[in-house]
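The following blocks contain the structures, represented as structure tokens.
Shared between the two complexes below is chain A, which has chain B as its partner in the first and chain C in the second.
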Partner chain A sequence: MSERRVLLIEDEPNIIEAIRFILARDGWRVDTHSDGQTAVVAVRDRAPDLVILDVMLPNRSGYDILQDLRSEDATKTLPILMLTARGQKKDRKLAEKLGVNRFMTKPFSNEEILATVRELVR
Partner chain B sequence: MSLDFLVFICVAYVALLFAVAFWADKRAERGKSGWLRSPMIYTLSLSIYCTAWTFYGAVGYAARSGLEFVTIYLGPTLVMVGWWALLRRLVRIGRTQRVTSIADLISSRYGKSNGLGVLVTVLAVVGTTPYIALQLQSVTLSFNAFSVDSFTIRGDGGNSPALQQTALVIAAGLALFTIVFGTRNLDANERHHGVVIAIAVEAVVKLVALLAVGIFVVFVVAGGVGPTFDAINASPISEWQTGADRWATLIFLSAAAFLCLPRMFQVLVVENSDEAHLATASWAFPMYLFLMSLFVVPIAVIGLSVMPEGSNPDLFVLSIPLAFDRDILAMLAFLGGFSSATSMVIVAAIAVSTMVSNHVVMPIWLNARQGGATVSGDVRNVVILSRRLSIAGLLALGYLYFVVSGGGAALAAIGLISFTGAAQVLPALMGGIFWRGATRTGAAAGLSVGFVVWLWTSFLPSFGEAGVLADSVFEHGPFGIGFLKPLALFGIEGLDPLVHSVLWSMLLNTAAFLFFSLVSLQSPLERFQGASFVNIFRYSDAPHGWSSSAIDAEDLLMMSQRLLGPEDAQLLFESMATAQGKSGYLPDVTPSFLERLERELTGSVGAATAHAMLAQITGGASISVEDMLKVADEAHQILEYSNELELKSNELEQAAGQLRDVNEKLVALSVQKDGFLSQISHELRTPMTSIRSFSEILMDGERMTSDDRQKYSQIINGEAIRLTRLLDDLLDLSVLENGQVTLNVQEDVLRVVLDRACAATERPDVKSALTINRNQALETTPLNTDSDRLTQVFINLIANAQKYCDADEPHLNIVAHSAGGRAVVDFIDNGSGVPDDKQSMIFEKFARADDHRAAGGAGLGLAICREVMKRLGGEISYLPGQVGAAFRVVLPDPHAET
Partner chain C sequence: MAQPVLAGTRIRDYRTAQGLRQVELARAVEISASYLNLIEHNRRRIGGALLLRLADALGADPSVLSEGAEAALATALDAAAVAHGEVGAERDRMEELASRFPGWARLIEAQYAQVRRLEQVVERMDDRLTHDPFLSASMHNVLSSVTGIRSASAILAKGDHIEPEWQARFHRNIYEDSQRLADATETLVNYLDGEGDISETGSLPQEDVETWLAANDWQFPALEADPSMTLDAILSEASDLHTPAARDLARRILTQYAVDAGKVPMTALHKALSTTNDPGPLAAQFGVDLPTMFRRLAAAAQSSLETELPFGLVGCDAAGTMIFRKPVPGFELPRYGGACPLWPLFRALQQPMMPLREHLTVSGRDDGTFDVYAVSEVSHPMGYDRPAVLKGWMLIRAAFNGVNEANAIPVGSNCRVCAKIDCPARREASVFE
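This part shows the complex of A and B:
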């Protein structure tokens, strides 16, 4: 089994640090990207097994990125886990409509995010 | 019998009449009119038709013209019995329209035209004058019958200075009498209770006197009924032939005069207190006339046979008792004649003076006083004065006519001249109350033409040939124009002068009236009044109900459409038609339909207006001044109401606008709040995420270097501090925004405050620390404010520069100076500043430049600064166009209340 790769698109340094630690401990390779504008290109280049996507990113919203990813053949079925600190109902609805696989609200437990990531990449 | 005694009797009689009148007035004032207003009194008051002319003249008439005198009684009898409905109509109109005279009625009917009123008044004055002269002549002759050898006085003869003197005294006496009687008080309805009672007494006196003389003549002089009839059969009277034309003319004339004579109109209409009295009068008055005429022929026949040749038959009633030395009977006969004369003069003078006063004097007086009447008592006095002067003037005219005409014409002839004059009003009167199409122009034309023809063919010739008109005029016409000869108009000769005059005047009068009515248009008021008069009975019986009539439903529909709107009106009419079982949209104009329509219209224009409008169209109701005032009031109210509505609607619109604004603000606030909550959620959850994750990692406690452990603990600590600061800021902002903040105001100097802020932000541990440049010499502005709060603002600004100034050698210039009359402090750094599109929102909550994470602020700093400055009475704003980020703080005014 080859190394499983996660692309974490997030701009909050401490959260990046925390998720990287949790996933790395489980054997994941974690790449990070902090800018919304260039996120889609980063996904294309890195071709990860899973994308963890924040909603509030500098320069571009996570929803827009999600929409772009779902419109490209290469990333149409790519598992995407969305994280948001807002977590209102309409945010979840919008994300699900746009084709997200999972939608998680911050703060999350380490257990929870690890289980979700494992579930999404089989 | 001495003349002095006769005068004494007259004065005593007048005093008695005055007492009766006074007593009646007093009773009426106390509201106890009772039997004073009985139908009998009304009937007796009508007897002023029988003047001295009838009392004395009928006998003379019979002596000269046989039974022709009967026509004078037949006319009124025909009217009373046969045309009762007409009288009722006149009386009803008189009451509902508050008519005060026949001139008033004509004027009122033709759109309140005072011109017509004046015309009728002039006609009345001119027509009444000969009649008053006639009364003067009668009384004068009867006085002289006692004093001189009366048997030789000829009817067509003497007008001696002595007679004239007597007439003058009598005229003056009658004037005084009438003034005292008729203008004692002013009644709104022009009713004179006292006068009516006095006249009724006089009516009884003259009837009794005439009957007494008649009985005396028949049973004493002639020796019974049989011999009387024999005498009549033997006399030329029984063989007298009268042309049918003259009979018809006379009957018509007396009927017309009965209606149109000012004094008859006065007692018939104005003084009428109850329509029902007409029912009694319709048989009782002809009965009275019958009794008055019963002994006329016997007296004439017996008189002609027993009295000396050349005796004046006009005085037989008086001269026969005198010839037989029956002084008491003679006195009674004298009083009868006196009563006839005085009652006629009093009522005629009252009636005509009312006209003169109302239609001539008052309009002139009111016109002359441009300011109008200011004091009602003032006007009242003027009215009474003008009435009195009119009465005096009228009697003076009568006297003048008596003198000028030379007393030459026989009594009956004078009466007929007057009748013909009065009859000129007839076409306008009849047309006015029966024909809605009669117009003011028509009435004026008819009256004028009739008046002129009457003057020319009857009045002026009455002064006798060579009287007023020259002989040549009679023979050859004026200026030699043959067909204008007074007694042979249009070349038709050989007619009886009376028939000639009546025929032409009435014919031309009526023709002019009809023609000009047809070719002229009515004014709205005329139309209105015309409808009221013609349809007086339609619903004056039931003031609030409608009776069915031949009203055009289409007219009603047209009016309703204007008031209710075309669709609604159509619907209403259709539904009413359907309810009546009719197809189409025009229902029958039934009372119930009219009531329904009135209700509907009331809803849109008000009750009075609805009634008036329907009344106008249906021509039903009489519209009184009060009704019109009500309409005006209603219109005013509707106007006010609609103004109010407009005002209210404006207010509502404003309120709606305000609500819209508020709503927009609320929606904006709601969006803001959502955004704010979302922001807070984000700001709180982000550090909590880190804290939770790292604390869990630390709790796992495995495979971790102590460096890592140290590092993660620091992250947790830092995020906890960040959270705390955020909460502090939120609370602070909340307090500031709600105005719950308590300010700790104290005196200070700007430099001290800035020193404190700089000290608080000093970070010796940071290498590339921000350099702060100040010129403390300028920072001398005295402050009287909460300096802790001001320090907080300065700290925020310095901290912002520390966080965001991206220059290699960051420095911040703090410059104190004054701008716009206020002390200000500018904070200008040398970084890249705030992008133009962000400048407008940096003072909003959580509005940060994008790379805020590095700065680690919560994004509430500037929002708090703005609130603080607002509370302190200062200002903070972004200063665009500087090198880097630039903020200007306008310091609070030290003198302002905070």
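This part shows the complex of A and C:
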């Protein structure tokens, strides 16, 4: 079985470090990217099995990135888990409308994020 | 009209509650018992001096017996019933409720008004959380720090073997995030303390300021005597101003008041008012613009005015939001939501510095007629290549002579409580539909 790869698009270094540690211990290869403007290109280049996408990123919103990814054939069905500090119903609805697979609000637990990643990439 | 029915019924209720016979009450108010009987059975309308005599004899507040108070109360009750249609309140018996149980009716009215106020507060706070960039960024900061701390501490607490290098890294991360969290929460608390614009009572700054202005009868004798005096002395005694935002608003109003008082001394204005009450000639006489004279007339002593009828005043910004409200009896100024779009106040915004004078009839309890002046002023504090700042002012007074009511323009207070169902300018459905 080939190595499963996650692309973590997040700009908070300490959150990146924690998620990377948790997933790496579970056997995932974790690549990271911190800039919203170039995130779509990063997904194309890295072709991960799953994307963890923060909403509030420098230069571009996670919603816009999600929309772009869903408009491309190669990433139309790519599992995407969104992380956000804003958990209002309207934020969740917007993400669902744009085609997110799972929407998780900060602060999340390590077990929660690990279980979700496992579930999205079986 | 339905209201006279209420007045007669209420008079009868008051009389019987006090064990008075018709003949006794009739004698006390110097009318015949048969005439009182007609009134009590709603076959004669009453008002004016007789209403006052009856109220006095019954120990009742004249406004409680009057038609206007009941109609206003009934309107408020109806608005509450419509807003909570799921309850199935008997709207057709609303007037009976207002008439028979005025205390309970006022309680419903007060509670509905309080609910509306609180809803406004919640909407405001929600809107602020959503759109205030500082609050949004601060909350993001707090939640990101908490997330980092939670994840790192959970990794360390789990008890699995972790390489010393990673242990040190997570310890450092927890320290950094906790430091950041402390800073973020402190900044947030300072911001909310300093900028909070909702008082503990839930009242908004403008409400606090209006309460304070009304308590001062819209006049500041100290500023009249010395327009250059420091405003702190007045503001320090203003216990109605609960928040920094309210005090800031009050300070701005006082600053304008002082400027106006310097241009139009009240003693001189009172003297001039014996000749004319028309703001146009008065503004020319004092060499000031109309908005200044409007504000001075709104602050003038009632006793100095012709027939002692006070002036009301409304000010609005270019978006139509009311920034100043001095009410006048019979011309209701909506507290929330937009006002009637037919008010000349808003037309004045379309033609800056061109004054308007109109007679308006206000649909409502008394169908009163009002003599209204409106004008807008424009300034360019941001420079002439930037948006101008526009303010509209409308001076309102009950019309008392020489008014051809047929030529008066019918207006309302706001669409929700306006009985002009077919009004082409209507913005939303009326509770009367």
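The definition used in the following text is that the second predicted complex is superposed on the first by the 122 of 122 C-alpha atoms of A that agree within 3 Å, B and C clash if a C-alpha of one lies under 4 Å from a C-alpha of the other, contacts with A are read in each partner's own complex, and residues count from 1 in each chain.
In the analysis below, contacts are C-beta pairs under 8 Å (C-beta built on N, C-alpha and C of every residue); 3 or more make two chains touch, one makes a residue touch a chain.
All figures in this text were calculated on a predicted structure; none of them were measured in a lab.
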**Request:** Based on the superposed arrangement, let me know which partner A:18 touches: chain B (first), chain C (second), both, or neither?
**Result:** both
**Message:** Counting residues of chain A touched by each partner, does chain B or chain C come out ahead?
**Reply:** B
**Prompt:** Can A:107 be said to touch chain B (first), chain C (second), both, or neither?
**Reply:** both
**Asked** Touch check for A:58: first (chain B), second (chain C), both, or neither?
**Response** first
**Request:** Pick out the shared contact residues on chain A: the ones touching chain B in one complex and chain C in the other.
**Result:** 12, 14-15, 17-19, 21-22, 25, 56, 85-86, 88, 106-110
**Item:** Parts of chain C lying in touch with chain A, wherever the complex brings them together
**Value:** 130, 136, 139-140, 143-144, 146-148, 150-152, 154-155, 160, 166, 169-170, 173, 176-177
**Prompt:** Across the complex, what residues on chain A touch chain B?
**Reply:** 11-15, 17-19, 21-22, 25, 56, 58-59, 85-88, 105-111
**Request:** Flag every residue of chain B that touches chain A in the complex, lowest number first.
**Result:** 678, 681-694, 696-697, 700, 703, 715, 718-719, 850-851, 853
**Asked** If you look only at chain A, which of its residues touch chain C in the complex?
**Response** 12, 14-15, 17-19, 21-22, 25, 56, 85-86, 88, 106-110
